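The structures come next, written out as structure tokens.
In the two complexes below, chain A is the common chain; its partner is chain B in one and chain C in the other.
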Partner chain A sequence: MSLALIVMLPFIGALFPALLLRAGRNACATATFTFSLAAFILLIFQAPAVLQGETLHASWQWLPKLGLAVSFMLDGLGLLFAGLILGIGLLVIFYARFYLSKQDNMGSFYTYLLLFQGAMLGIVLSDNILLILVFWELTSLSSFLLIGYWKHLPAGRQGARMALTVTGAGGLSLIAGLMLLGHIVGSYDLSVMLQHRELIQSSPLYLPALLLILGGCFTKSAQFPFHFWLPHAMAAPTPVSAYLHSATMVKAGIFLLARLWPVLSGTPEWFYLVATTGLITMLVAAWIALFKDDLKGLLAFSTVSHLGLITLLLGLGSPMAAVAAVFHIINHATFKAALFMNAGIVDHETGTRDIKQLGGLWHLMPITATLAMVAAASMAGVPLLNGFLSKEMMLEQVAHTAWLDQPWLMAIIATLAALCSVAYSFRYIVHVFFGPQRHDYPDHPHDPPLGMWLPPAILVCLVILIGLFPQTFAGALVASSAKAVIGGALPEYHLAIWHGVTPALWMSVIALIGGLSLLAGYRKVRSAWEAGPHPDAKAMFQVWIKGLVQLAQVASHGLHNGSLQRYLAWMVGAAVVVGYGAFMNSSLSAGSRELLPAHPTAIAAWLLLILGCLLTVWLHHQRLLALIMVGVIGMVVCVGFVYLSAPDLALTQISVEVVTVILMLLALNVLPKTTPKESGFGRKGRDILLATSAGVGIATLVWAFLTRDFTTLSDYYLAESLPGGGGTNVVNVILVDFRGFDTYGEITVLGIAALLIFALLDGALHGGSAAKRLAQWLPDQARAADRHPLMLVVAARVMLPLALLVGVFIFLRGHNVPGGGFIAGLVVSVALIMQYMASGFGWAAQKIRLDYHAMIGSGVLLAGLTGIGSWLFGYPFLTSSVLHLDLPALGEIHIASAMFFDAGVFSVVVGATMLALSQLSQIGRRAEALPVNQAAMDCDPSHPLQKDPSWKP
Partner chain B sequence: MEALVASAVGVLTAAGIYLLLRGRTFPVVLGLALLSYATNIFLFAIGRLKINQAPILSDTALGYTDPLPQALVLTAIVISFAMTAVIVVMSLRSYLESGSDHVDGAQQNKEEA
Partner chain C sequence: MIDYALHFGFFALSLALLMNIWRAIKGPTDMDRILAVDTMVINLIAVIILYGIYEKTTLYFEAALLFAMFGFVSTVAYCKFILRGDVIE
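Moving on, here comes the complex of A and B:
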């Protein structure tokens, strides 16, 4: 539990800084510090057990089917990294309180910092590689926020974007790699995975997995050639650099290399990929660092170089090298974090980080200078400091390793890199703090307040203490974390200052002397360097990104040019290609199901349908004719349903058909009546090709399944319909009972669609260019002289009660014979629409006082309440129950609770249909600009015309 | 019979897609209506074809056709009505707003015309 709490505390704490900002900057920093401290104390409590060799676990299932578990593990390596993350985190939080100026939003800074801290802890403590991936991406995101913290600086935004792009791409690679690894082992648990070295290394997927994982690690840890993002990330505030770019985020890649070391290392592939990358990175970055004038740029490249050193050690694959790597992780974190904070102090106090503008600060800021000298000397590898110890161990290892069959090559390159490292470290000391005092510093330099120099001072103390007494201050931690990396017994070693006269000592001496003489002749070296070529990684990166963006634009503009026709053509085309592709690749034989004979009537109906389709396409420029053809097709479909044992469908189809045609007519009244002939020959040809290939495909598919037998789960419904649902019309029982939840969703959709229609048309009625156009609209067709013909009005009026009765009848019987709420609702709607059509919208609306919005709402509500009602009796949502009543006059009556549900369906269908149609006819009325008629019909025979007494011939 | 249904679905699909690819809204609406027919029959046909075997339970019935596709199609018919209604109204509103019934609105219309 406490393991999970260590990870969760920073995330919980992340809520507070932003909230507490109003209480002041100190409250904000204190809250952040407290949460980190709590996590740190929890970690310390676990430390003794871990240092004695125990591994702590805590685990909860999350998505077991995916192999994803929230499981944490604390072993030596986790303890080392968690300690660095929290320990240096605490110092950075403290330091940042004094570093950030009043203009900076401290709340968001600390929130980002804690998010980052939690994500880092998640990486190093997770026992599930999928969980690691989640936290890994979280570090990329939170570091993006931190690097781009100064949003007003373009460099900050660009640097953040570059870091996110590179580490994000690496993250994708890592996901693929770890997935492969999990696939090889068959488990995503790290503890399980680490047991399967043989299995992983003998798998043919080992090399792809290794390459992908290294892609993730090398980008995160800024290894050559992905190192270029780190210097640009230096646009971040210095506390961020000190935290992310020395001790934590850039070490995440190293961490993963170390974590997977037991199963991945030891192969020639691992050696040549990892060690070579580390070696090149170490040398190239150290060389570039020598010529960086920006203090943080120098430190950034030096970080890259030291990360290369650790990568090299891990790449060597020997247990002793792993011990050295772990030791250097500790040492580098201490002196580099101190140096970053130191660079921040110099920048803060002098107003510049440019080495060319600095120098002679020794007397102005003695504390800062002292701290810088110790930390930089450790970075250079000067004896008695911790950097010396691990660098010696590295040189010792390298001296005994042959590379490309050359026993001395690696040693020479490593010595050269160490030489450069000495040179740039001393350049940091000499060119900043020594030399003549200047009079043109942008600010007035002096030592900073205690709050700013104390955190680096603590780190520098560690540098010295570990340097003098390595076994006392770091021995246990190194031993337990190295053991975790190696996964077996530790090699014979002792951490000490003096190992006798070894090759490594000579290499150190050469590096020290060579580095100092390089610095002595710095001016010459510099001019030689400046004459050479300087490939600009940022420019190359931008060219590359620009190319990608252009490619994406070409692709997306080609597909998505904003034209619906283009989109639809692509969609249909893609569906056709995929469909035919699947069809061609399957070995389908002809079906063997016994077929039904085709009755001559069926053939006639079929001919009618085909003719209807052809005519619709042929005549689509004349919209009214095309609409009539669609109506004909609908009728054939309806008859087809009757013929093929689907009476419910036929009833629904015919009533929907009526309503649809009326709706389209209402819309067509305002829309143009003809379609211009626009499509060229080529466009038509393309569309015909697409349409026919899709049609042939679908027809073949239908033919394929119609000629085959199948199994259905409908036997259950047929058997249970009467006993379980209380009805003999199985389709209706399925709708309102078995699959009532689906139906509930569908009526909700229907209601939403009606409201959408209302909103769309209501907007057109009230203001805007639509209302203006509607007012200016002129009829484009001749109007009938009798708007409300006598015959139609009388027929509609006589039919209304009859139709309502039919509606009720259909509704009531629906549970047992064809009918039900859907159909009854449509029938009643048609009856009501007839009134509108006969007497005009305005007149009818005055008489029919139904609130269609309320009908939709109450319908959905009723259906929902019926469903909830079954909860009262302890049944799941929408369980139906049947009530048998024996009434004196009516006899036995079955009332299923599903009937109330069906009543809700009925209400929604009527409300939705009528809302849509009445709103459409409103539009028509507005367009025609006609007054509301006073009488129901044009000429009412029951009121004979009065002779006008004033009339005279 | 099966061949008739299969070919009818195919022809409805082809006609629907052709109209769907036209440049004006009203043919697109008609195309969608035809596609809805095709889809509904397609779904219905998944339960295979039977004559005089409606899924109404009775003692004298010879057999029953599959009720499940029918239930699905029944709601599908109502939903496709709602969809058609929304599309019609959208085309109407867009015509009133832009003064053009081209599927891409007035601007595109000028460019392509």
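Moving on, here comes the complex of A and C:
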């Protein structure tokens, strides 16, 4: 349980900073810190057991059929990473409180940070690779938010987008790779998977899976050639860089390499792919870092280089190298987080991060300078500091590894990379803090407040302590996490400063001396470098993205050109081709069922229907007439439903019909009243052919269907309606009970649609090009003089109570005979709309004091609560129950819980219909530019002298 | 006796419906067409009621009720549109 809690705490905590923002910045930071600290303490409690070699598990089923389980595992590797994520996270949270300025929105910053922290913890503690994928994507998304935190900076947005694109693409590749791996093993559980090394490596799918997984890991961990996103992510605030690029985000790829090391490593493919990538990355990035003038740019490339180092170690495949990799993960996290915070301090205090504008800060910022020197020296690999120990182990390993059959090649490249690393590390010290003091710093540099230097100071203490007493301070953690990586017995090793005169020592000495002399001749080296070519990764990336976008545009515009006729033609055409194809390949003949006699009135209605259809097509250029004819079709269909024993459908159809007519008329007011002739002869011919063949196809199908006896699901519902749903109206029982969940979803969608109509029109009507066009609109038909005739107003008023009564009646009887909340809702809405039509919006809106938004919301809520209510009685969501009451005078009364659900439906339908229609009617009023009336009618006979002042013929 | 009356009713209403659609086709004005469709609604209500009597059930009564109400409202809407262009002012 506490494992899940460790992961969940940051997610829960993410709610608070944004909420507490009003309470002040300290409250914000404290809340964030508290949640992280709680997770950290929980982790510490688990640590002793894990360090003694135990592996903790916690598991819940989620989607068992997909192999997805919420299962967590804490072993040495997980402990190491979770410790880094939470430990450095705490320091970063503390640091950020003092780093962020008053203009920055601290609430959203900490919320993003906690989301990211939770996602990272999820990756390192998951025991199910599908779960890892979920968290992996979450880190991509939350890091996008963090990198782009300074939304006003274009560089921030571009950097965030690039990071998301690259790591997101890698994530897709990883999904495919891990799925393949799961397919090979037959289980998505990591613990199971790690037992099957032989099975995986002998599978023909091993290589594709490996390539895909490495694609994910290398993009995340910024390995060459995917390293280019990381320097651009430096546009983020420094605490973000310190967190993402020292201990978390970029280490996720490394973590996965380490996690899958027992089953994937040890093959030549693994060695050449992983070790070579690591080696190249290490050298190239170290070389580029030497020439970066931006402090954070320098640190970014150095991060890439060190990630390359760890990748190289993991790629070597030997247990000893894995130990070194784990050790370097710890060391790199400590000194790199300290250095990023340090760069942030320099930036914060001097106003610039450009090395060319810095120098001589030693006397101005002694504390900062000291911290920088220790951390950078550790990065360079100077003895007595922790960076030296793991770098030494790395050199020792490469010295014994042959690469491309050359025993010395890898050692030489690694030494070169170490040499560059020494040079850029010392450049950070020398060019920033030493040299002559300047007078043109953008700001007045001085040491920052305690809150900003304390976190890096803590890290620097660790750097020194681990450097001096590695076995005491890191030995247990290294041992347990290396054991988890290797998955077997640990090799013989000794964490110590002095190992005697070894090849690695000589390589270190060469790197130190070479690096310092490289820095001494920095000007010459720099001018030589500047003469060479510098491929701009950002420009290349943008060209590539632009090409992709163009390709997507060509494809989507080709298919999706906005012509509804074309879409319809393709859809109907496809159905016709498929349908006729199936028809031709089967022996379809008419069924043997006896035909029923046709009633003469039915034949008349049938004629009406056909004529209505033909007239709609014939008159479709005159839109009002077409609308009237569609109304005829709707009516005949309703009568058809009555005749064919579907009274519920008839009621629904007729209600929807009239609402649609009003909606169309509202829209038609500001639209052209005629449709221009656009189709040529050929297109008309195509359409006639398509329509006829589709119509004949459907008719044949119906004929074949109706002339046969068949059984459907209906019988079940007919039998179960009363005992199962407590109602005799099967249609209503299906809607509110059997398929209540569908209905619940539908009313939610209905409410969303109405709110969306409101939002869209509200935005369009207040400013924007639509509002301007409406203002220029001129009425295109003659207007009668009376806006609100007396006769109409009185008729509408008389109708209202009757219609409301009908609505209540239809609602109450719904469960047993045709009716229900949906129809009742439409009846009531139509009665209300009638008042709008008769007396105008101004008057009616004054009298009808219903909040349609609230009706939608409370309707969905009521329906949902009814559904949840059945949980209280131990039934599944939306199980209905019937209450039988024996009341005096009234007799026996049945109250089905479905009634409350139906009341929710009713409320949503009324709210949505009224909201959509009243909002649509705004368009007309905007265009009209006439004042809305205050009185109920044009001329009130009971007050013959009073006339609505706004009235004008 | 009731059977004869029903059959006569069905026959007369069918004829009326066909004449309604004829007027809806012929026009000549939009108002004529709206009136034709409105009359069609009245006739359809009658057909539904007769069908209820024919089937000896009250089940279809509400359909006729809603037809009456909604037929009226849509006719009002059409007329309002012809008169003023804007249905809800």
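Convention: the second predicted complex is superposed on the first by the 567 of 953 C-alpha atoms of A that agree within 3 Å, B and C clash if a C-alpha of one lies under 4 Å from a C-alpha of the other, contacts with A are read in each partner's own complex, and residues count from 1 in each chain.
The definition used in the following text is that a residue touches a chain if its C-beta (ideal position, glycine included) is under 8 Å from a C-beta of that chain, and two chains touch if they have at least 3 such contacts.
What you are looking at is a predicted structure, and each value in this text was computed from that prediction instead of being measured.
**Q** By the touch definition at the top of the document, which applies to A:722: first (chain B), second (chain C), both, or neither?
**A** The first partner, chain B, only.
**Q** Which partner does A:703 reach: the first (chain B), the second (chain C), both, or neither?
**A** A:703: touches chain B, not chain C.
**Q** On the A-aligned overlay, A:836 touches which partner chain: chain B = first, chain C = second, or both, or neither?
**A** After superposition on chain A, A:836 lies in contact with chain C alone.
**Q** Have a look at where A:601 lands relative to chain B and chain C in the superposition and call it first, second, both or neither.
**A** Once the two structures are laid over each other on A, A:601 reaches chain C alone.
**Q** Regarding the shared-chain residue A:779, is it in contact with chain B (first), chain C (second), both, or neither?
**A** second
**Q** Touch check for A:564: first (chain B), second (chain C), both, or neither?
**A** A:564: touches chain B, not chain C.
**Q** Could you look at A:207 and tell me whether it touches chain B, chain C, both or neither (first, second, both, neither)?
**A** The answer is neither, since A:207 touches no partner chain.
**Q** Quick check on the superposed pair: does A:713 touch chain B, chain C, both, or neither? Answer first, second, both or neither.
**A** Touch status of A:713: first partner only.
**Q** Just to be sure I read the superposition right, which of the two partners does A:625 touch: chain B = first, chain C = second, or both, or neither?
**A** Second partner only.
**Q** Which partner, chain B or chain C, is in contact with more residues of chain A?
**A** B
**Q** For chain A, which residues belong to both interfaces, chain B and chain C?
**A** 599, 603, 643, 647, 668, 817-818
**Q** State the interface residues of chain A toward chain C in the complex, per the touch definition above.
**A** 599-601, 603-605, 607-608, 611-612, 615, 624-625, 628-629, 631-632, 635-636, 638-639, 642-643, 647, 650-651, 654-655, 657-658, 661-662, 665-666, 668-669, 779-781, 783-784, 786-788, 792, 796, 799, 803, 806, 810, 817-819, 823, 827, 830, 833-834, 836-838, 840-841, 917-918, 921, 924-925, 928, 930, 932-933
**Q** Mind listing the chain C positions that touch chain A in their complex?
**A** 10-11, 13-15, 17-18, 21, 24-25, 30, 33-34, 37, 40-41, 44, 47-48, 51, 59-60, 62-63, 65-67, 69-74, 76-78, 80-89
**Q** Which residues of chain B touch chain A in the complex?
**A** For this pair, the touching residues of chain B are 1-30, 33-34, 37-38, 40-42, 44-58, 64-68, 70-71, 73-75, 77-79, 81-86, 88-93, 95-99, 101, 103-104, 108, 112-113.
**Q** Which positions of chain A touch chain B when the two form their complex?
**A** Chain A residues touching chain B: 562-565, 568-569, 572, 593, 595-599, 602-603, 606, 609-610, 613-614, 616-617, 620, 623, 626-627, 630, 633-634, 637, 640-641, 643-649, 652-653, 656, 659-660, 663-664, 667-668, 670-672, 675-676, 678-679, 687-688, 690-692, 694-696, 698-700, 702-703, 705-707, 710, 712-714, 717-718, 721-722, 728-731, 734-735, 739, 742-743, 746, 749-750, 753-754, 756-757, 760-761, 763-764, 768-770, 773-774, 816-818, 822, 826, 909, 912, 916, 920, 923.
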